[in-house]
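After this come two complexes, each holding subunit A, first together with subunit B and then together with subunit C.
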Partner chain A sequence: MVQSKADRLVPLLLLLGAVLTAVDVVWTFTLAPLVQGAQLSEPVVIAGQMVTTKLLLSQKIFYLHVPVAIASFVVMAFLAYYGVRFLMTKDRAYDLRAYVAAQVALVFIVATMISGDLWTCFEWGVWWVWEPRLTTYFILMLLVIGYFILRNAIDDPEKRARFCAVFGIIAFIDAPISFFITRLVPSSIHPVVFRTDSGLPPMMLIPFLLGLFGMLMIGFALYRYALRVHGDAQAVEELKEQLEELDARANERAAAAALERLSARHAVEVVREAACDASAVAARADDENPSKED
Partner chain B sequence: MSRIENERVCAKGSGGRAPRALAQYRALLAKDVRQELRTREMLTSMGVYALLVLTIYGAALAQVGDKLQVVSFAGGLLWALVIFTSLLGLNRSFGHETESGCLEGILLAPVDRAVIFLAKATSNLLFLLAVEVVVVPLFFLFFLSGAELAATTPLIAVPLLVGTVGVAGVGTLLSTMTIETRGRDVLLAILFIPVAFPLLYACVSATTCAFLGVEGTMGTFWTSCGVALVYDVVMIAAAWGLYEFVVDA
Partner chain C sequence: MDAILSEVYSTVLPAAPFVLAAYVGIWLTLFVYVFSLWKKSKHTSEDIEALKRALEERERKE
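After this line comes the complex of A and B, so read on.
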């Protein structure tokens, strides 16, 4: 049902995504130049700040961290999109899709948090700062976790689908806030990545784009895989229910048949007893008036 | 089905659609207010709870001595108080509705779902504001009576009002959802705090600016209030549109 012909391409896509990401990582550490052509041997001044070797190397996280983060925003958009589709059509397949999208989103969000925290630790010297971008992204993670808790707290599947769709849409509102907040809040120290004046040289832009497409492919492949697993699980569940129903019906039929047989046997016995009684009565009558026939 | 019928009934109504919706809104709001004035359940529990949070603040700040300036983080303390108190109130506000099938009764009546949302959000807003009117002066009395207050302090009313509107709007939607779930009190907190976080952030920023009243920070004050207002508009619009799906059983 969920599986289609295109699903055969999914393993290929996963592989391609992994290869692209691997190329991105290798390229990052071999071919991509340091910011503004700096050398690793001595500290340099970039944008009025003294930057040391350690910090120059920590910039490499950019090639992995940013693609993962963007992929998480994209998957969040799918979570909200399928929520809207569900509310429009009331088709449970969309609820399943939204649920699977939330799972993939959580994976990417956790990956972003871990890679981002490593960078924060190197660059800013602390593990965590309540900085606007970090805070809103942290909130995004809490929202997705809340989505799963809400899902588990409702038993009725129809109501669960409705509430989860509504909450998915509300949760998604935080994604664009998190994306744009580094531009909106001037005090934010998180670097702004997407801008037209960044002037990224090709040797830096290409690995970044490779990583981005690789991550999106991995995200899509994970989504399709999880969808298949959940679709199959749902199908198994439905089959199980059908089987149970059939079983119950068969049991019922057998019980009815047995009851019928019992009552039939009982009826036969009653008839036989009646017959016996009748013959006994007749015999007795014969005994009592033996002379009449003579 | 109910929606189509609603519209038909509304169209038939004597005064046309808008006045009818207004009358329904007024009736629903009056019901909530009357119920609260008779039982005083939400107001007393929220008020006492707020007082207890203040007591905990007292214990938390008891050992810091008089060198620490409470004014510098009073905005944060005040908003933590507002958020915790409103969580309690929002959990309560739907208790009556489910108790004796009241919500089902309202849903059976030909009332637009958006009107129900607005009436409920307004009544929550009124109760939250009523509690704040009592609690905020108490906060000043307990923690800021010795401090020198900046001239801009009265401006904290602006973020308080804007923030409470947002809290009531989002909280009404989420508490309608959580009321019928297992472990609803915890679930409301789990859903509400992350969703309301941007609002909280903006309001704390504005309130702190007003408390400190430093020259040149008024720009930040108005920006934060603007962010909170945008959040209100976006979230209440979303909640308004989605409420139909939440109550439509």
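After this line comes the complex of A and C, so read on.
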């Protein structure tokens, strides 16, 4: 519950990330040129420029879609890194970090899926195509969901942390595969929108980079905030368990003391009854044999 | 509008709702997550208060 240096940076990073992505969005819709689509039946001059193709607005989705997707890969790397750190040190703090990284990764994956599917729906006319990038990214999403299912399925904290660390590392393997698949598989129809060799004009590259750095900052801020919230919640749960344990022990002690008192009382009563019985037997014996004394 | 210009911009207007939905979808997903974290943090604060009260009561009893 003590704020670390990184925690103090969270609001600043979140604000900076929001500003950068806001500039990205404004730039995207005002200064960034529209990319060209299918050929026109005849060329036309617009604002002094010869236009020979249709203009595509849908490409503007990529100015935020790609940064979000890259952020999801980066957070997946954190998930794997903390998994490795946990396996090396057995420190449960790394397990919590990996869990939070998986959560943030899933959020970015869902955001990527939503924006990507909307582009797919408009450009390809279908909501889903089993092409390499989409398939590997879908597998990545299933793996992260599987991570949470695995977490909830194991009760023992040590075993859960170990299994999830291994699973997180395995899940991460799909991230670079998904990232490079469009470059590795020639049949992939998923567009490689931003490449270093594509000669992307500065008016398109700058908003993309702003969006990328903004999203990475937002991702880091979200991760730190989530880590703090989950860390606090875990500490509270542990405190609750300790208190319940203390209560249970106190109740056990009280019950044992009460039982002891009851046993002692019972023993006294038994002794008293035995004494009474003995005196009654003696009295009866006296009554039955009065001559003996005489 | 001129026929050629209509052809040039023929994919722009139909794409607008999809582009808008994509941007809204991304921000909405992030906001939903932040909201869920905020709710959890509020719940944790309430738990901390309850624990404080429980401890105070215990101290008073002792």
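The criterion applied here is as follows: the second predicted complex is superposed on the first by the 218 of 294 C-alpha atoms of A that agree within 3 Å, B and C clash if a C-alpha of one lies under 4 Å from a C-alpha of the other, contacts with A are read in each partner's own complex, and residues count from 1 in each chain.
Throughout what follows, a contact is a pair of C-beta atoms (placed from the backbone, for glycine too) under 8 Å apart; a residue touches a chain by one contact, two chains touch by 3 or more.
As the structure is a computational prediction, the values presented were derived from the model and not from experiment.
Residue contacts after overlaying the shared chain place A:Val68 against subunit C, while subunit B stays out of touching range. Using the contact criterion defined above for the overlaid structures, shared-chain residue A:Thr136 touches subunit B, although it does not reach subunit C. Contacts of A:Ile154 after superposition: subunit B is touched, whereas subunit C is not reached. By the touch criterion defined above, A:Gly125 reaches neither subunit B nor subunit C. Note on subunit A: of its two partners subunit C and subunit B, the one contacting more of its residues is C. When the shared chain is aligned, subunit B comes close enough to touch A:Val166, but subunit C does not. In the superposition on chain A, no contact is made by A:Pro202 with either subunit B or subunit C. The part of subunit A that touches subunit C in the complex is made up of residues 25, 34, 37, 40-42, 44, 46, 51, 54-58, 60-61, 64-65, 68, 103-104, 107, 110-111, 114-115, 118-119, 121-122, 218, 222, 225-226, 228-230, 232-233, 236, 239-240, 243.
Touching subunit A in their complex are the following residues of subunit B: 170, 173-174, 177-178, 180-183, 187, 190-191, 193-195, 197-198, 201, 227, 234-235, 238-239, 242, 245-246, 248-249. The touching residues of subunit C, counted against subunit A in their complex, run 2, 4-5, 7-16, 18-19, 21-23, 25-26, 29-30, 33-34, 37, 40-41, 43-44, 47-48, 51, 54-55.
Looking at the complex, you find that subunit A touches subunit B at residues 87, 132, 135-136, 139, 142-143, 145-146, 149-150, 153-155, 159, 162-163, 165-167, 169-171, 173-174, 177, 184.
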